Amino acid sequence: MIFTHGKKLLFTGDSITDCGREKPDGEGLFEELGNGYVSFVNALIQSRYPELGLRVVNKGMNGDTVRELAERWQRDVVDQNPDYLAIMIGINDVWRQFHSPFEKEQHIYIAEYKRTLEGFMEGACPHVDKLILMTPFFLEKNRNDQMRLQMDRYGEAVRELAEKYACVFVDTQRAFDDYLEHAYTSSLAWDRVHPSATGHMILARTFLSAIGWEE
Amino acid sequence: MIFTHGKKLLFTGDSITDCGREKPDGEGLFEELGNGYVSFVNALIQSRYPELGLRVVNKGMNGDTVRELAERWQRDVVDQNPDYLAIMIGINDVWRQFHSPFEKEQHIYIAEYKRTLEGFMEGACPHVDKLILMTPFFLEKNRNDQMRLQMDRYGEAVRELAEKYACVFVDTQRAFDDYLEHAYTSSLAWDRVHPSATGHMILARTFLSAIGWEE
Amino acid sequence: MIFTHGKKLLFTGDSITDCGREKPDGEGLFEELGNGYVSFVNALIQSRYPELGLRVVNKGMNGDTVRELAERWQRDVVDQNPDYLAIMIGINDVWRQFHSPFEKEQHIYIAEYKRTLEGFMEGACPHVDKLILMTPFFLEKNRNDQMRLQMDRYGEAVRELAEKYACVFVDTQRAFDDYLEHAYTSSLAWDRVHPSATGHMILARTFLSAIGWEE
Amino acid sequence: MIFTHGKKLLFTGDSITDCGREKPDGEGLFEELGNGYVSFVNALIQSRYPELGLRVVNKGMNGDTVRELAERWQRDVVDQNPDYLAIMIGINDVWRQFHSPFEKEQHIYIAEYKRTLEGFMEGACPHVDKLILMTPFFLEKNRNDQMRLQMDRYGEAVRELAEKYACVFVDTQRAFDDYLEHAYTSSLAWDRVHPSATGHMILARTFLSAIGWEE
Amino acid sequence: MIFTHGKKLLFTGDSITDCGREKPDGEGLFEELGNGYVSFVNALIQSRYPELGLRVVNKGMNGDTVRELAERWQRDVVDQNPDYLAIMIGINDVWRQFHSPFEKEQHIYIAEYKRTLEGFMEGACPHVDKLILMTPFFLEKNRNDQMRLQMDRYGEAVRELAEKYACVFVDTQRAFDDYLEHAYTSSLAWDRVHPSATGHMILARTFLSAIGWEE
Amino acid sequence: MIFTHGKKLLFTGDSITDCGREKPDGEGLFEELGNGYVSFVNALIQSRYPELGLRVVNKGMNGDTVRELAERWQRDVVDQNPDYLAIMIGINDVWRQFHSPFEKEQHIYIAEYKRTLEGFMEGACPHVDKLILMTPFFLEKNRNDQMRLQMDRYGEAVRELAEKYACVFVDTQRAFDDYLEHAYTSSLAWDRVHPSATGHMILARTFLSAIGWEE
Amino acid sequence: MIFTHGKKLLFTGDSITDCGREKPDGEGLFEELGNGYVSFVNALIQSRYPELGLRVVNKGMNGDTVRELAERWQRDVVDQNPDYLAIMIGINDVWRQFHSPFEKEQHIYIAEYKRTLEGFMEGACPHVDKLILMTPFFLEKNRNDQMRLQMDRYGEAVRELAEKYACVFVDTQRAFDDYLEHAYTSSLAWDRVHPSATGHMILARTFLSAIGWEE
Amino acid sequence: MIFTHGKKLLFTGDSITDCGREKPDGEGLFEELGNGYVSFVNALIQSRYPELGLRVVNKGMNGDTVRELAERWQRDVVDQNPDYLAIMIGINDVWRQFHSPFEKEQHIYIAEYKRTLEGFMEGACPHVDKLILMTPFFLEKNRNDQMRLQMDRYGEAVRELAEKYACVFVDTQRAFDDYLEHAYTSSLAWDRVHPSATGHMILARTFLSAIGWEE
């Protein structure tokens, strides 16, 4: 596994990351990490590698797009001095285009999305040991669905940036697609966005697989 | 319009019908009818035909399938002596097959659905002036989607029964399909089941069109 | 209908307009528009004209008279850049004269009412495509009732301003008077001011009729 | 004053009497009597005649018509063994005819009203020292108003019964009519039914005047 | 009665006056005046003299001594421009000496009490038509009780100031003493300070008697 | 001290004993004993005699007189098999005579009080190792106060019964009287009945002194 | 892994198992399984083996010892017809001996514990495919700690029964002991009983390892 | 006893001291002192020495280490001008090292602890009559337990400072150790930190013993 002893791993993102984490710190041994994939990643690492002393922090925020994340980037990410930084953002950037089609000032189109995300890379890369980029996802199997099509474009942008900046790349959409071979989307999430505990475990296992987890 | 003076129109069904109606009565001039299509139908009729004196009752119940509806049929429908009876049921019958795939004892398959619904017809037809059957619906445009496919089968069963028993038939799925030509499903409902006020107005207008509303 | 594609329609007024709308925005596809005539107008237009892409905003505020509305006019109306602007104000201006007869500093008499409203016209007319003026109303059939007499004077002022500034004019009082031919006032509103869903549908239908709704 | 030492005075009626009294007892020295005319009558008598030792009990119940009152008559009135019994009922009997015009099974028409009330007289007269009958009222000055006309008929029935059974008669409607010479109805009650503290004091003073209060 | 048409009567004091009045205004026709003697005075005057148009305001505040009252005197009394001003203060000034004997910085001794109260007189007398001074009271019949003794000294100070400044003087302690001839204190107030509705009616009647009420 | 190893001490009484104890058990090591004298007695004994293993149970009940205590005597006292039984009852028996003078059916006069208490003695004495009788009390220094006079009669009855049945006798009134030499009653209790923590500690210390506590 | 397609796995036990599960069913795809090790086991299995179709039910109950579990055994275990049954019980059986040393009637000593547990085995073995016995545990590293010593005896009893009845045996205490080599107990649980998410993940992973999980 | 008439005794510390005291004052005769050892000390002194007139103030604060206490030292201690000052701090300083091992910026190691505490001594000694230093404690009997070992070092630092500055020294750890000879730790506190009423009484009695309490 790529993490070494006594380091800090910070997650940031939107409601999928937030999951009721403690505000403002998002750190602690009990419920401070929320009840989603961040908590699962932490519990799996702590129980499997108790000697590692990994410090996990959750700085996800409900409703964030890259625009809101940019506003709190300095305080919630840079000032925290993480050694490892994981980012999963973009679901709201896409979702608002479909949920609130008339409120165009709230839509984050692909150019702004990619440009802002690249700004995060540029700023963060020199200061962290390892950047981990996770794609946004949409829990819909039909790849011709309008919102799925759009989400795939944002996921592709994440893949390109991960490659350009040599980040660890976590393809959450592919992991969910594999799962949806066996189950209909509503058994994972009523709104095709906020997953069940099983969905969060899929995220956690995909993340861990990408950073070199060994059973 | 098919309604005449001083009659009683009763709606029954699941959460789409319920919408927070008063329990147990579901009758009154203010919020007792809930805030969904039943309230809209009532407000449109009362404001358009103030002289009609139509009495509207809402006996929808959150979470009902035909099985639960059958249990309360005598008390909530027959004992109310409606002149007109509108039924929209089936969404939960289908949805549980996809949401809780392992809890098979809760699935209502097509045979039980149709048989139970036909039992309602048999019992109600002799006592009401007019039966109005509304299809269940799924707010998904992709007709090959697994749950949409299944819902269409239940809608077809409703159509067949409406024909057999000479009911007014309200094709809610078609009305939503028309709307979805212009908008993505998540602008109507996050879970593709519980619609926004616009969605309920589509239901109300489709209902009124079927019973002969004239502007 | 007078609305064209991709425009913004803003409503402002008092509690009749507010009806529990989201604060401060008053915009969105679900409950953000409140549960009164604004929501009904929106749902009727969206369901009837799904291709129109009309953006509806509710900036009503409980308890407002023209005096409070003037204080928030810049922020809640002008800064929103509506293409169409609908105003219904005046009920509290009159009501406080009868409810709190001794607190005269809170009474808005006809001169101030008309002058303030005309100020709104002067400021708004150059910037919006169409102004829609709705009369205040009192749900009392007896035209010699003291408060009804006074409300009619305020409604007359609205009519004169609508004419002077070529606004669309919506005579809500007349619409309610027609309805009250068939029903006693308490079946519309306990306090003769805050109407039931039927009352709000009367407002919505009268509004839509004035702006050229075609079934 | 007609009350003598160490007796019990029991009030019964609807929400005007209830006013948040303690359930089920409705007796005590603090808030158990509610905050309406019953509490005022009690406070005025206790403060004016501290040596009288009058025991006051409130058995009003929100929403009651004579029909509901009849159901609890034995338990809430007869079993309490009052020496003096005051009854004010009828507002809901009339109001439901106007508020819920279609729910006719809930209307209490004049014949049932008078017959039921007379049943109370027959049963109570032999057991109490003095019966006090208070008219229902409607806070509307216009005597041609439909609901006022109807309420006056019920008040007239009370007057006839009071005469027939030699009860103390309290004409609450007349007392309010006098007051409305000086003020508009909405300064007494928004819904013309549930009065302000001033309205309840009018009821209390009219009651006390009828039973021989001396300042 | 000494009040003439269209004037404003303002009450100020401590929790006995406050009684849950609306903050900050303390004015209105319903519950804004609280549920104590101020509300009773208002209801008695409005119901007895409906043509008087008296405007009543309640500016009592829970827990106030003269020291806290002095801090809000300008805002809550002077700026309100009352025609008639009624003051009842002093219970907390005395009570804290007995309840919190060690927290001496919170005790208001007689010199400070009288000096502060006189400051109110000096400031208020030129601007109001009539000042009404009400004594504080203690619901204890035993005049040798330590706290009763002390309260009587404060009441005596009020009497002297009322005389010096020609105020209407309301001897609430005497009124309660008369009542306590017939009843034990705990039937008026558990803590000998906060009276029941009957106690508040004694206050109201004593006040009205002092300002010339005629039945 | 009279308690020996591994025994059970049960307290019963009214709200002074109850003090928020856990219902129905009233036993445990944390807040189950309430926050009054029972908890203090327990904490003092456990901290002073940790080797004693004394089991303490609180079966006080808010509002009880001997009449209500008699109703639950079997279940709450006899069935608990206490080795030591402490009873403090009577405050409500007296207090209701003064607080609710007209509701005579709720008054427990001295004959019924003493007779019922003696019934408890008769039933309990054979089964417990030691009975401890505590007097009721009234926090009023003036022995001519009406309620104090009455309470002293009830305390005297307790003394007589304690003597007759050779119970440990705890004179709580005397302990409070000693304290009131130094402080005014309102610093112990606003209503002269429910004491502060200091008052409960006086009860606890008086109890412990009577059962032979040695520092 | 020992589980095969389409089977039902039921967990029962105390608060460690319960963890806020839905009552009474304890089944579903979202939060119905609570937020402890049962939910983690389910999420890990569903995400790793989506094709398995395993149905997981949680019937843990806060505060249970074997005595309470025996009372609901028929309803909550036998009537559910599980294919696999996992039991973790005993922590409260031991804990009450140390927390409530005087309330001996609530202590479940080793003989009753083992006998009751064996009764479960006898009854369940013929009807389930596989029984999984999990030891109770105490999060204290010091094996000479009194409560740890006692808990180890109960764990040993579980081990013996697992052997006798050929159950899958899950040694949770050993798993925690391994973890406590690297961390102090209070970072797992403040009370050494209710573990953090990491502690529940240790339970889940130990369970899965015992039933043959393969990464 | 070392306290003389009319003085002020102030306690400060962490949650053991706080125990729900009133914020910000922490002074009064009822629940303002919280429900822990401060309230017990006060109740014991007031009931034993009613003539002493000792004023007790509680300025404990949940979660405080010496670092947070230092921040509020001026406002909560110096500005209060106590005659006697009691300090018990250090439990959180140690506990966070074990509960949150990775959040090292929150650990207060022994050097900072002793240096900060000495700063308090230096500043306070000239202004108070008597300083009382209480050790922190850990309710664990095993002296080789890691956290107990660390807590003992902090207790030793307190002892050294008490000696150097001639303070009254209260060895709370020893008092608890004596008690734990007779009972297991979980009967005092589930988390070995926050004690039951018995534990707080041990603290109170140890404090009183140190300041010369005589029964």
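Lettered A, B, C, D, E, F, G and H in written order, each chain numbered from 1.
Rule of thumb we're sticking to: a contact is a pair of C-beta atoms (placed from the backbone, for glycine too) under 8 Å apart; a residue touches a chain by one contact, two chains touch by 3 or more.
Being a predicted model, the structure only gives us computed values, none of them experimental.
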Chains in simultaneous contact with subunit D and subunit H: E, F
The pair out of B-D and C-D sharing more C-beta contacts is C-D
Select the interface copy of A-H from among C-D, A-G or F-G: the correct pair shares over half of its contact pairs, counted by residue number. F-G
Taking the mean of the C-alpha atoms as each chain's centre, how many Å separate subunit D from subunit E? 33
Distance from the CA centroid of subunit B to that of subunit E, rounded to the nearest Å? 63
On a C-alpha centroid basis, what's the spacing between subunit A and subunit C, in Å? 46
Residues of subunit A that touch two or more other chains sit at 29, 99-101, 183, 187
What are the touching chain pairs in this one? A-B, A-C, A-G, A-H, B-C, B-D, B-G, C-D, C-E, D-E, D-F, E-F, E-H, F-G, F-H, G-H
Residues on subunit F engaged by subunit D in the complex (per definition of touch): 99-103
Tell me, which parts of subunit C touch subunit A in their complex? 27-29, 53-55
In their shared complex, at which residues does subunit H touch subunit G? 95, 98-101, 142, 144-147, 183-184, 186-187, 190-191
Considering only the defined contacts, which subunit C positions touch subunit B in the complex? 29-31, 33, 35, 39-40, 42-44, 46-48, 50-51, 178-179, 181-183, 187-188, 196-198, 200-202, 205, 215
